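In the two assemblies presented below, chain A is common to both, partnered first by chain B and then by chain C.
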Partner chain A sequence: MERLPNAVKARKLLTPWLFLIAPLVLLIVFTYAPVANMLVYSFTDWDGVSPELSFTGAGNYVDIFTRSELFQVFLVSGYYLAASVVQIALALYFATVLSFDVRFRNFFKGVIFFPYLINGVAIGFVFLYFFQDGGTLDSVLGLFGYESDRAWLGTSTSANVSLAGVSVWRHLGLNFVLFLGAVQSIPGELYEAAELDGAGRWQQFRYIIAPGIRPVLSLTVILSVSGSLSVFEIPYIMTGGATGTETFVIQTVKLAFQFNKTGLASAAAVVLLLIILAVTWVQRRLVPDDKVDLV
Partner chain B sequence: MNHRRSHRGLIATLLAAAIAAAGCTGGGASSEGADAEAPDDPSKVSGTITVLTHRTDIVQDGTMDRYAEAFNRTYPKVKVEFEGITDYEAEVKIRMNTEDYGDVLMIPAVIKKNDYPKFFASLGTEEERSEKYRFTDYTAVDGKVYGQSPIGVTPGFIYNKRVWREAGVTDWPTTPDAFVTALKAIKSKTDAVPYYTNFAAGWPLAQWTTVNGSVGCDTGATTKLAEGDPWAEGADLRVADELLYDIVREGLIEKDPTTTNWEASKPRTAKGGIATQWLGSWAIIQFRQAAEQAGADPDDIGFMPFPAQQDGTFCAVVAPDYNQAVNVHSDNKPAARAWIDWFTEKSGYADDNLALSPLKDAALPDVLKDYEAAGVTFIETEDSRGGEVKEIDNASEVGIYQPDYRQELVDMARGAKDGELDDYLAGLGERWTEAATSLGS
Partner chain C sequence: MTPLARVLTHLSLAVASVVVLLPLGAVFLTSLKTPREMADDSGALSLPDDLLNFSNYVTAFQDGRMVAAFGNTAFILLFAIAGTVVIGSMAAYAIDRFTFRFRGLVVALFLVATLVPGVTTQVATFQIVNSMGVFDTRWAPVLLYMGTDIVSIYIFLQFVRSIPVSLDEAARLDGAGAFTIYRKIIFPLLKPAIATVVIVKGITVYNDFYIPFLYMPSEDLGVISTSLFRFKGPFGAHWEVISAGAVLVILPTLIAFLFLQRYIYNGFMRGATK
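The block that comes next holds the complex of A and B.
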């Protein structure tokens, strides 16, 4: 084989990297460098502003794992986990229904996806009014003749359920679009064949759609679990973590910015990252990602 | 050619660079200990200075530029630029990791007092400045002063005079019990919400910590926080927290505290929908403006001290607002210093905000005429150990300057959370004193 001249060889090597420079620089500057920073801080007692910091070894990690109350907030994630079950079920239902011929199909697709496009902070503010005493929710219930005199964010359970409900409303759209894409990628002949064989809608779902979207389903479950563990925007904006709605991330933010324990908060963030990685790993072991073969 | 190895090499290099960058936390302290001396001749001092301020409202409406114009009549060669920052604390805290945080700025609460010499240029000795100015010990480190607040504020209840009159209460309550009784009268005789917690905004609950000093009329109240249990029987914070608890437990607050709205609470108070809120004298002007906008009578907005008396008189603690300081890295220290001196003494900023003047010989503002008539004693708490109190607060994660523990207290009082007040306050006290001990004070 003929050897290429050195210059050409170098160019061949260099070209892909030139294309990669922009995304790599962005990725490193805005993702890896801050994460590396955080890792370094997690071994220090830095307060977030002082020019001096000292290394404390694993002190912050010892602190986190010896203070059980820091992990109690994960109970709140249970509400969001339960909510994501509802969310996935709803998304699956809508995706299936809207993948068939339904009137105003595109309109409903838009309605379901729209909330996902709104900024989470804005959603927080909107729903504060929604849950207010005499607010939108109360007036709507009033139209149906149900006079509720309930403080929706008033007790811990009620507040967490309400917030989880907002979360479902917001994230349903993303799940729905993922499912819809997967459902529509299933070849149409399969349904026809199934119909000829006398399969009803439920059987079509059970034996064609469900296995066909399994990879997307398992991805969605992983995203939902890690999302439930790291809920932040909605409760932070709406209640600030008051009335038993504090999540692990809110707690971490408070450690860093209220009590100026940037070192400890960085360690908490690293711990959360490890927990999510571990949960994902376990999940992948339990439900391996098999190749799907419908035909 | 082994592609795989070269990839790894590159990624390793990039990661190493990222980690090296991670090691830096910002500027060294080379300028530490610099002084910002006042210029002798106003006509000679020159330069452009940037002033960082939390008052975005008066930057936007041009008030700040009018101050700068007036300043230029004395200091014609100094150009003053303003940078209003909405999320002042968080943003300036991060900027202070660099050297670029304006020439003049308000000292963020997060900066530890002992770090002041690393960030700010000294304005002079405490001995010399305290003859003329109030609040010098709030920013003094080793005898040198690093900041000066342009106004003084005193905490108190903003209340609607008309509503209180309608309820038949004309004299300020003198004990917490009498205060609760007054609120009960408001509840039964008027339509107003007797007390509005502003629970959702949170920070108005944190204001209750400013009660410290007014109950015992003690200038050493801050030192007491550093030395003992703030929730010991009869201690100022305990008295305050018990009053708040009682108000909530008696159902004298808004129906749903979790969805309160601070901005809307101002016109509601002005119009008589809300009777009382614990805030501070700084809020009077905002409530009066809200009254004007809502078409209510601004004179209905009243201000009263915490319901506790020592020897038959009320006590009001005067404390600084944000302290203005000169960036130690500034290239225009004389001009920056000139701005702070002028703004503190000659700008009229304190009068414009109906606030107390930072000058010791100044008269009380009109809004506190009621205080003068009632013979309220004004005290300043000594702040030499204020830095320590903040450190204990952070270490213990109690957060006396944060809303969280009082939000829990309110939840407990209204039955949304289990627990007894005594146990709860005892628990806070235990955490506090433990942290104080472990910090070795």
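The block that comes next holds the complex of A and C.
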């Protein structure tokens, strides 16, 4: 390379940073600084307002794992985790079915996907009405001659199952469209060849479709796990966390913004972050990504 | 497929459609009912007496502050999307077209950030937003939506990579600087990526509840999510008004979906699998 005068050289060095300054500042201010601060807060008893704070060591973390009412929220995640297994199975089924030529294919595809696009508050209200006494669900059951006087959101188990059901209703569409895209990117000749060899539908699914969607499936599993741990909108809007439906994020938001326990809430958030990072790490280990991202 | 399998397939699809559409349909029917009909207790699935009774929509608009809410949402959408497009495309251009020191570090910073879910860090983000003095203004969500969107950078990066470098070189020979190349050559060629980002980001911002709920508690600053959420108090027992509010919020999404189906499917697929 020929020698450039210093001024030109400096400008060349500087140019990429001029383009990167805004994105980097935003990235650091809104992602890395909060994570760093959160780590510090998590070892204090700060209330989020007063200028004073004192370090309490690992006290907040001990609280989270020993006070049963704080730990209880992890159990609620179990309902959503179970629901996401159902969700993935249904998404796989519909993606497989609709990858073949079915009448009204586009209509069904649209209907299954559309709930994913709907505003969460609207969904919350739609299903509050659905589950309420004399609401949509009771009316439908009434059509079949079944008079129900059950408060669907009344007991802890029933409420959590109902809310997890709403979550499946809402998120199934994204899984489905991702699977459908993966299934459709499998070349059609493969099915023809398999059919010539006498393979049935199930064998086609087992040996052609399943391997073809493995990367998307593993991505979906990790999204489901982190999604189940960070549920907030649907239960917050529908029950406000009452009757044993409080999730990890609802609890953290309440600790931080209602009870001014910034220190404890930060520790809870750090625990959640660590769990999600661990899950991601395990997934990367089990299913190594063959395509290298970005660079 | 055997005839039986075909019947079962269609049956399962029909059941799925009913499960999706019935809860929405019931709310739509309810939104057209009068308070008197609601008190009759004729059930959620009964037809309203007057299919053109839009009085609940008027109530939702006037007493539910939905006009202001749509205005605030539009304001945030405009600035957040414009900011995301400019920032994302600039970052992608710099990362793909330049070799510089710490490039690997910059890329790693963006990569690692995708692993940090936004919901977990709000406790501390709140303090930062507060200290910047933008708490309870519409700029808080705008900044947060702009600052935490790494998926858009990915989408832009894929597109920048597909633009031949020879175009840049030709322009450079004509005396164009880096910024001119970005503005005159790269940016216009990014149109498909911009469309994707605008659609995906638009729907995400329109639907978001968490950030406006935390950062804009003032009633004047309600966006459609938070304003609809506030229906719970004053209209607590008036399901016909709440239903009208929900339909008002869902309708723009439905229209956008019907017109932009193809782009929406592609956008969300690209966004999720990055």
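Methods note: the second predicted complex is superposed on the first by the 213 of 295 C-alpha atoms of A that agree within 3 Å, B and C clash if a C-alpha of one lies under 4 Å from a C-alpha of the other, contacts with A are read in each partner's own complex, and residues count from 1 in each chain.
Rule of thumb we're sticking to: a contact is a pair of C-beta atoms (placed from the backbone, for glycine too) under 8 Å apart; a residue touches a chain by one contact, two chains touch by 3 or more.
Just so you know, these numbers come straight off a predicted model, no measurement behind them.
K.L.:
By the touch definition at the top of the document, which applies to A:135: first (chain B), second (chain C), both, or neither?
P.N.:
both
K.L.:
Applying the touch criterion given at the start, work out whether A:47 contacts chain B, chain C, both or neither, answering first, second, both or neither.
P.N.:
First partner only.
K.L.:
Who touches more of chain A, chain B or chain C?
P.N.:
Between chain B and chain C, C touches the greater number of residues in chain A.
K.L.:
Does chain B (first) or chain C (second) touch A:159, or do both, or does neither?
P.N.:
In the superposed model, A:159 contacts chain B only, not chain C.
K.L.:
Mind working out whether A:148 is in touch with chain B, chain C, both or neither, as first, second, both or neither?
P.N.:
In the superposition, A:148 contacts neither chain B nor chain C.
K.L.:
In the superposed arrangement, which partner chain does A:273 touch: chain B (first), chain C (second), both, or neither?
P.N.:
A:273 contacts chain C only, not chain B.
K.L.:
Touching A:257 in the superposition: chain B (first), chain C (second), both, neither?
P.N.:
A:257 contacts both chain B and chain C.
K.L.:
Using the touch definition from the top, say if A:37 reaches chain B (first), chain C (second), both or neither.
P.N.:
both
K.L.:
Does chain B (first) or chain C (second) touch A:241, or do both, or does neither?
P.N.:
The first partner, chain B, only.
K.L.:
Considering only the contact definition stated at the top, list the common interface residues of chain A for chain B and chain C.
P.N.:
13, 17, 24, 28, 32-33, 37, 48, 132, 135, 257
K.L.:
Considering only the defined contacts, which chain A positions touch chain C in the complex?
P.N.:
That would be residues 13, 15-20, 22-24, 26-35, 37-38, 41, 48, 93-94, 97-98, 100, 102-104, 107-108, 110-122, 125-127, 129-130, 132, 134-136, 138-140, 142-143, 169, 174, 177-178, 181, 201, 216, 219, 223, 226, 230, 232-233, 237, 249, 252-253, 256-257, 262, 265-266, 269, 272-273, 276-277, 280, 293-295 of chain A.
K.L.:
What part of chain A is in contact with chain B in the complex they form?
P.N.:
Touching chain B: residues 13, 17, 24, 28, 32-33, 36-37, 39-40, 46-51, 53, 128, 131-133, 135, 151-156, 159, 239-244, 254-255, 257-261 of chain A.
K.L.:
Which stretch or stretches of chain B touch chain A in the complex?
P.N.:
Residues in contact with chain A: 1, 6, 10, 14-15, 17-19, 21-23, 25-29, 90, 93, 96-97, 108, 110-112, 115, 118, 199-200, 202, 255-259, 393-394, 397, 399, 402-404, 407-408, 411, 416-417.
K.L.:
Would you pull the chain C residues touching chain A in the complex into a rising list?
P.N.:
Chain C residues touching chain A: 1, 5, 9-10, 12-13, 16-17, 19-24, 26-27, 30, 41, 43-45, 87-88, 90-91, 93-95, 98, 100, 103-104, 106-107, 109-111, 113, 115-117, 119-128, 143-144, 146-148, 150, 153-154, 157, 178-179, 182, 203, 206-207, 209-210, 214, 224-226, 228-229, 231, 239, 242-243, 245-246, 249-250, 253-254, 257, 261, 264-265, 268-269, 272-274.
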